[in-house]
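Each chain carries a letter (A, B and C) given by its place in the written order, and its residues are counted from 1.
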Amino acid sequence: MADKAGEGAVAVTSGLDWQYAPAPESRDVVAIAPRYGLFVNGEFTQAASGRTFPTINPATEEELTVVAQAGPADVDRAVAAARTAFEQVWGPMPGSERAKYLYRIARIIQERSREFAVLESIDNGKPIKETRDVDIPLAAAHFFYYAGWADKLSYAGFGPDPRPLGVAGQVIPWNFPLLMAAWKLAPALATGNTCVLKPAETTPLTALLLAEVCQQADLPPGVVNVLTGAGGTGAALVAHPGVDKVAFTGSTEVGIAITEKIAGSAKKLTLELGGKAANVVFDDAPIDQAVEGIVNGIFFNQGQVCCAGSRLLVQESVAEQVVDRLRRRLATLRVGDPLDKNTDLGAINSRRQLEKITELTAAGEAEGAERWSPPCELPSRGYWFAPTVFTGVSQAHRIAREEIFGPVLSVLTFRTPQEAVAKANNTPYGLSAGIWTEKGSRILWMAQRLRAGVVWANTFNVFDPASPFGGYKESGFGREGGRHGLAAYLDA
Amino acid sequence: MPDKPAQPDAARLAVRKTYKLYVGGAFPRSESGRSYQVRAAKGGELLAFAAQASRKDARDAVEAARAAFGAWSSATAYNRGQVLYRAAEMIEGRAGQFAGEILAAEGMSMTAARRTVAAAIDRLVWYAGWPDKVAQVAGGANQVAGPYFNFSVPEPTGVVAVIAPAESSLLGLVSVVAPVIATGNAAVVVASEERPLPAITLSEVLATCDLPGGVVNMLTGRTGELAAVLAGHFDVNAIDITGAAAGSRAELARLAAANVKRVFLGEDDWAETPTPRRMLAFTETKTVWHPVGS
Amino acid sequence: MLSSQLRSPQGGDWLAGVSSDAALRQLLHGLPGVDQVGVHARAAALATRSIKKEAKLAALDLAVTMVDLTTLEGADTPGKVRSLCAKAMRPDPADAAVPPVAAVCVYPDLVAAAKAELGRGTVAVASVATAFPSGRASLKVKLADVADAVDAGADEIDMVIDRGAFLAGRYGQVCEEIRAVKEACGPAHLKVILETAELATLDNVVRASWLAMLAGADFIKTSTGKVSPAATPPVALVMLAAVRDFEQASGRLVGVKVAGGIRTAKDAIRYLVLVNETAGRTWLAPGLFRIGASSLLNDLLRQRGKQLSGRYQGQDYFTLD
């Protein structure tokens, strides 16, 4: 039986058991100071209360440094600085000059990109591969893109001379710390607003490095202010009467709280909240690339992505094949040291997040779904969760309805396109969706019917500064990115 | 570093610069072996010899532009924007040299020359922001009455001949070349006949700012001779005749008609912030229909 | 369905009942599509794998054993082939720890010279045949070409498919040619060159891969090296996925050979990463993965020297061929 090659000159031996040696990125490229202050009016200062809080490396639980905790007095000071800068410097400045500041910031991010990448990886737990190839280059690109708009606003479709809103209070999450800062700051600054940015409690360091970049770009004092702190700091910021515009990215729960808090005020609001995206795979899909898309959809950034493809909807006729291939593929995922250049999955950002993932996956098992993870050894210290796939999931299961925000995929099946649409839309969320089929007209048919702000076809989790991003329904409103992203910061 | 800025040293003989053509990323002399004298606007002293390009140089430049068009037009818009911004950075670094050349060529004051260089840099920065936005302004989805998804996008026209303004040797030149290449066209530029030197120095910037060779080709010489060759060339898709002598424009347009070249004429005030029209003049609108069905 | 079709009781004739153009078309065009953008993205992502230290040394040694040391020039002489054979058996005269390569690859008229030099050692003689590289000859001539090489002692035959027939949809003809050549090979191993640059699309690469495997190929090979681009990571990726899927469906292991343009150790290691993470560990062996190359070998030796000594190596310290 000719079932083995190698009967000729070279016999088939079993292949090499090839283990990649550790390939850690050098941590020395970034110097972490023993303590960090707030960035207000162009200078780093301590909080008025003198209070600080630690930030840790979630991969090791090592304390990295301590950071000032901004209180109400600091919020007052930052908003006042932003107001003065808006009225005296940044608002009146010609767009072409604002553009040049943003180009400078973009350039310095590019020049210090490895520093940013390592720092982001250490503070967040995500793999260096992602910070190096996704977070940081996209952040720089975002500044480049909006720099170009600063002197072209009359062509953006919001009237001949659209005006900025004033002071923007911006609260961002921990999953893409620098990138979210760029998504918030770049369009706000391009349109002539000044900003007070509140990074997430667990990931303040790259926002502070970005503040240093603003100094190095000679950005006028007060145009960008960074207040570190926890939920209370964010709440004080968005409620501050001196803030004209609130932009929030984070959970739907907090988003609703903010909306309630500022209801009745004149503040303009945009929200980018949670998601429970369906990734729909038809039987005529390019299967191997669909599998890659599923992996990228739910395991990119450990699944801590609001637009993650957390629900796989696969057509029954190929369900078994897709799940088989998915499992084989997951066995090649490399989980571990985020600074290792070959790591695919890093650490979960915080103990709290790990507990939430653990709780929801336990619920999945309890409700009768079948749980599977590839064999992988998790480090003993730090916050880790193995990539996990649930099959036999029904629409009613909590793991099919609630946002897990972790490396956990729920697999459901469907038979017809109509059923796929119905199931995909059967959620209070509406941030994103994926479609996998080689049939173009079906892609567009599905895209028309999916109630989601971003629809990816034969790809997933791709981002570009030129492309608007944002949700339907409880996933929020307003768009970030692209020409549409300008509207959030203009009186349009 | 010396304590004091270096003073011109009367005892030292300066090394002069040779100005050549810029074709396909290289700096050749004219194949014809010809050159001509370039003189200062005030006083008329000899500044340098410039290459006097021939018909064959123009032909080679079109070949180079055609060869470069494919990769440049399919480069990402982000990449094209970055390259233009890099060009702006590099002019900034040679601002003194440009100011000196403009001063000599146009006879303006040093202050005015510096201001002109600054305006040229800002012009490039303005265009650097456009490549990834032009489709968002000039394209879009078209809501047709039927089960179709229909959208239109601007695409570059191809090889564009540019007759650069005769007077404004740097700012005018940048203002006509940047919009052509921003959208992905490749250009064959005829520099100002009397004031060609800043154009060649600009070419040195373009050669080192990551712009692929052949995307911009710079010819110096007799505008009348070169413009007619390019206007009649069947592998040139469009021509900007802004810099051609008023009396020659009708004839150039007639020559251009033979292969339905797009002909553009825009007598801009170079000091003013431009509009997108120069970019849009050298784009084609492509509309795509696709059915929508399960 | 495909799987049951392929597991015929004899295990020999994979194509029983499937030989007309129409039936083959149905089978090949029924394979899942390939999304080019996705494949390129995956290949680019795998190219960022960082292979260091002992993993690199193991990869370099493995890559040496996978090299089909090749000379396919009109100007080749028996003398050149003899020195190539010496290099193949002992790549680094100064270091006996360097393993021999898998094979030397020459034109048919030089097989005898190679065989004489290599003798009974482990290094095989591979020969391109079937009117290499264009394949533009009658089947009769192609078979005679193969017979020549086999008679002269070739252990492996690298044939080219008729790309014109493939692109015109004459799958039956391509299939019959491969079967006929396989038969003419006798005990010699058959590598089927797809010349992927001429196939133009990745969908075609997958179909040609399956057609060759169904017709009996022991290896599928990217390119002749005479058409650009030769081997590329995206093409290798889909071919590796094809042999993996074919093994799942049929139980038969088919090898992959990448050839052309692979000149650096870095490139070679990138291909090994593709093998490891696409087809899997089984294919990380010279019996199932080959690299057709010439100057690559010296770069592998240089990098090996660097790994062992910690010093960058100069080209003057390695023999030409």
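Here are a few things to note about the model shown:
Rule of thumb we're sticking to: a residue touches a chain if its C-beta (ideal position, glycine included) is under 8 Å from a C-beta of that chain, and two chains touch if they have at least 3 such contacts.
Here the structure is a predicted model, which is why all the values come from computation and not from measurement.
Contacts between chains trace an open chain of neighbours here, each touching only the next in line.
Simply put, of A-C and A-B, more C-beta pairs touch at A-C.
Think of the whole protein's Cα atoms as having one middle point; the chain whose own Cα middle lies nearest to it is A. Chain geometry summary: the mean Cα position of chain B and that of chain C are 48 Å apart.
Per-chain Cα centroids separate chain A from chain C by 42 Å. Once the centre of each chain is set as its mean CA position, chain A and chain B turn out to be 40 Å apart. Chain contact summary for the complex, chain B toward chain A: residues 77-78, 81-82, 85, 122, 125-126, 128-130, 132-133, 136-137, 149, 273, 276, 290-294.
Of all the residues in chain A, the ones that touch chain B in their complex are 96, 99-100, 103, 141, 144-145, 147-152, 155-157, 417-418, 440-442, 444-446, 448, 465-466, 482-483.
Taken in their complex, chain C has these residues touching chain A: 11-12, 32-35, 37-39, 41-42, 48-56, 58-59, 62, 102-103, 122-124, 155-156, 187-189, 216, 218-219, 241, 251-255, 272, 276-277, 280-288.
Within the complex, the chain A residues that touch chain C are 1-23, 129, 133, 284-289, 292-293, 332, 341-342, 438, 458-459.
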